[in-house]
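You will see two complexes here that share subunit A, one where it goes with subunit B and one where it goes with subunit C.
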Partner chain A sequence: MANRFTQALLIALALPAIAVPLACLLYLLMRGLPGFDSNLFSLNLGESGFGSSQGIMAQVIGSLALSILSCLLALPLAIGLSLYSRLYAGPRSNSVMQHVLTTFQSIPPLVYGLCGLVVFVHLLGWGISLAAGAIVLAMIILPVLTLNTIHALERVPSDYTDAARALGMSPSRVVWHVWRPRAWRSLLTGLFLAVARTLSETAPILFTATVFSGASWPNSLFAPVTSLQTHIFYLAQEAVDENAVARAWSSALVLVTLVAMFSLIAHLLNRRRSHHG
Partner chain B sequence: MDSPALIATADNIENTLSQPTPSQKIRVEVSELSLKRAGRVILNKLNLSLADTGITAVIGPSGAGKSSLLRCMNGLIKDWQGEIIVDGVASKHWPAGEDALRQHIGLIAQKPTVFPCSIADNVLFGIRGKKRRHDNSQLIESCLKQAALWDEVSDRLNHDAQTLSIGQQQRLCIARALAVKPAVILLDEPTASLDPRSKNKIEASLHGLAKTMPVVVVTHDLDQVRRLGGQAFFMCDGTLIEQGDSETLLNTPQRIETREFFQWSVCDCPSDADK
Partner chain C sequence: MLLRSWITFSVIFSLALVLIFVGFLVSASLPFFLDYGLSPIVSSEWYPYEDLYGFLPALVGSAWAIVIALAIALPCGLAAAIVSVEILPQRYHGLINLCIDILAGIPSVVYGLLGIALLLPWLKNNLDLLSGHSLLAAGLLLAVMILPTITRLSQDALRDVDNSYREAASSLGLDWSQRLFSVLLPQAWPGIRSASLLATGRGLGETIAVMLVVGSIDRIPEPWYNLLAPAQTITSRIGREMGEASVGSSQWSALMACGLVLTLCVMLLSILAHAPRKRLARG
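Coming up: the complex of A and B.
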């Protein structure tokens, strides 16, 4: 009897946690799918109708460009920091470093956006640009990427490291021959989760990287781009045209699909890692 | 029972028993070696020397500092005090750096750790990339033979090393350590939890190695000390209590701590659980 009650209580608690996102997803599909037409994935920028008629390919490319560039910037720094932490830092500096990274992780992305606006857009005079947005996004994902890499390296059994060190292998050879083969899958998992995270960030790139119109392909690092996130924001906030709102729903569905795709890759890599030990 | 005549001081024993004979060259000399961890003394002013050949067994209760001694000698532990002279050179100032020192003084851990690759690749694991590209079949064969493993694996060198039995994995670790051509081999309880057949094979391999280099074996197995022969050190609480020819040390221990350890009774040294 008590078991049944506990089971029922747990189901009652778990149900909203599953039902609410599922309902959102269903609603998104209902609103977004009808807007899928031949023009949606075109590069047609459309000059009228406040985005209601234009394709979103430029926004998809802009979002991916921001994501990939930010990951390319953050990844070497994350690897460098985590290797320093594992190879050279003492327990005290490690603890301080992990505490600082955890704190940075909890800073609202908007704050990073404001800092980027002041430093890159105004102080350095880059203007609203792909480079400024990518650096800001890189700063946002750096803590999570670093902590993930540190944990990936920590999972390599210390017996392997000790055996390799006892053979006279240098730290760089230990990293390449012992750590890399066992940690790369975790590292990639973290990377794909970071890509998913950058794709879902809106506020920081709103200030630093994106414009609503007047940009198509990101043709320079110092040119503004359009992105799916901010496109949805502008359409939903300012459009009076019903078609524009419908296009916002379709764009949202595309964005969620992209984020889900990268999360799924991360999940699959993680599963393979578990199987391979 | 403990006749005062039988109880010599550690200093006297160190100076009289089983030091390398004048004809033997000193390969490793440890002077005043001390190590502390979190305020606790792990090694306390240890003095010992190893001749250029022969087996040395290090015995003592758990927590006596035996494994730490090996890790200090190999260079895996760096923050020790005192001096370790290897082939006339202070190990802290080893000319080619600490990685080269670790190659010079091979260390094999208690738990056999084979890498997830083939048996042949495991033997060559410590060898630098350039040398690995050469034909190393002779080196693989000679190292596996020295480790008494060649007959069992010669027809499956490309098989996954992790499919070997624990005893075979331990001998593979010995072969891997030999492939980087060490001048001294240190083994930390290499036969703990192995079956008698694997023990015998490893001991046979150690006897062979001891003809060309000093071999230091940490062990709790007094029968093994007897079988290995050579000299023996008894450590307790980070201190070298007694040393000498293994047969003499086992038959006529001079110190009460040694005698009590040999009788499997609890000595003054705290056990692992107490620490």
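Coming up: the complex of A and C.
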């Protein structure tokens, strides 16, 4: 009897964890879908309405450019760091590295944004730009990506490594011929998750990379861009303008779809790996 | 050779990034602490135009928001973890994980939008508020946002409990809830503890969603438990004012100092969460 009661109570407590995400998703679809018209994905910067009537293609491109650029910046460093950890670092420096990475992973993205604002936007004089935003996002994603990559390399069976080393293979040959074939899938999974994660960040690019209007196509690394995230942020505060609110919901739906797409790719890659595992 | 230089480059470059980051934090906020000392941390007036920078309203606001969030998300997330690991059969695990993934995948700004569209009107109508912007709204939104962290990490903690404990508990004749409360939860406790600490850190640093619903008014709740009035958190203050502050002004360095305080709090939580845990002796 007591067991049944405890279980029922726990299930009741756990219900929001299932109901809330489904409700959020449904509501998002309900509010976002009506806004999908032919105009939505145009690059046309409408004459009227300050963002409420124009298409959001520029924002989509800006968001994707920021997050893909940042991941491409962070990936080589993450691989380099994780190879250092697996090839050269002793147990002591490995544990130091682990601590530094987890600590930096916990620092709020907003603070990275402040750092980017001070260092790249003002100190180096890049202004509010794609480059500044991408580097800030790269700094945010670097600890996560590195930890993921180290984890991926750790999952290569140590027998393989030992055998390869015993055969006299140099470290670079071990990396290329033994680790790469076993680990590339996890590495890609980590990369796609990183893209999804950077797509969801708003605070750090608010002051470093984006402007509300006037930017359409990032024609230079040092030009400001617009992004879906900040577009939603600005439109959300225009509660009086119904068009603006409708645009905000459509943009939110597009953003969530993009994030879901990258997460799904990561998930599929991960699943294939564990099947062949 | 190529490999070696690449690795060396990555390590040096990353160290440089760490140094830049730490250097920035200290050098940008140091002027503020040199000018004003440490007293702003406990003073309650924040009026940039009169050069008054008291951190207390934002600190209290952040603390309240995260307390509300934990009070809701901790029982709910823990229950979800227990239900998914200990009650439901294997084939439903995918569904729960999917829901948690959805929750974790929704960007912060979309939560803000949902908060404005659903939460604020609801609070406004039911509690008879002026606009609904309040610490309670921020806390509720944060609760949803930290729920995935708590659930996932608690699930891991429960899964890490060795099966021999479950078997031993059953063979001792403990029933389901005795097994849960006197064997599994104590064993998983270190993991659950660090889950809550990490979720706290995550919630303290959450910016955009909180900014959109908290109201951004620098006031300590009056009386102290009044959660229904607009207030301010550290992150919402930085987010609101950073765009307006002019470079190098005292407001600028005050905001940087807020960033430093926030970073130190979150770092401390992370260190506590990852501190080597005392494991109960393994069988």
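The working rule: the second predicted complex is superposed on the first by the 265 of 277 C-alpha atoms of A that agree within 3 Å, B and C clash if a C-alpha of one lies under 4 Å from a C-alpha of the other, contacts with A are read in each partner's own complex, and residues count from 1 in each chain.
Note that a contact is a pair of C-beta atoms (placed from the backbone, for glycine too) under 8 Å apart; a residue touches a chain by one contact, two chains touch by 3 or more.
Because the structure is predicted, anything quoted here is derived from the model rather than measured.
With subunit A as the common reference, the superposed partners subunit B and subunit C fit together side by side.
Looking at the shared chain after the overlay, A:Asn219 reaches neither subunit B nor subunit C.
Taking subunit A as the reference chain, the count of touched residues is higher for C when subunit B and subunit C are set side by side. In the overlay built on the shared chain, the residue A:Tyr160 is in contact with subunit B alone; subunit C does not reach it. Of the two partner chains, subunit C is the only one touched by A:Cys24; subunit B is not. Our angle of interest has its tip at the CA centre of subunit A and reaches the CA centres of subunit B and subunit C; in the overlay it is 100°, to the nearest 10. Of the two partner chains, neither subunit B nor subunit C is touched by A:Ser38. In the superposed pair of complexes, A:Pro108 makes contact with subunit C only, with no contact to subunit B. After superposing both complexes on chain A, the closest C-alpha pair between subunit B and subunit C lies 13 Å apart. The residues of subunit A shared by its contacts with subunit B and with subunit C come to none at all.
Looking at the complex, you find that subunit A touches subunit C at residues 2-3, 6-7, 10-11, 13-14, 16-18, 20-22, 24-25, 27-28, 31, 76-77, 79-81, 83-84, 87-88, 99-100, 102-112, 114-115, 117-119, 122, 139, 142, 171-172, 175, 196, 199-203, 206-207, 229-230, 232-233, 236-237, 239, 245, 248-249, 252, 255-256, 259-260, 263.
Those residues of subunit B that touch subunit A in the shared complex are 74, 76, 99-104, 106-109, 111, 113, 115-116, 125-126, 128, 173, 176-177, 180. Listed in rising order, the residues of subunit C touching subunit A in the complex are 1-4, 6-7, 9-11, 13-14, 17-18, 20-21, 24-25, 28, 75-77, 79-80, 82-84, 87, 95-96, 99-103, 105-110, 112-114, 116-118, 144, 147, 151, 175-177, 180, 198, 201-202, 204-208, 212, 235, 238-239, 242-243, 247, 255-256, 259, 262-263, 266-267, 269-271, 273-274. Interface residues of subunit A, counted against subunit B in their complex, comprise 157, 159-160, 162-170, 173, 177-178, 181.
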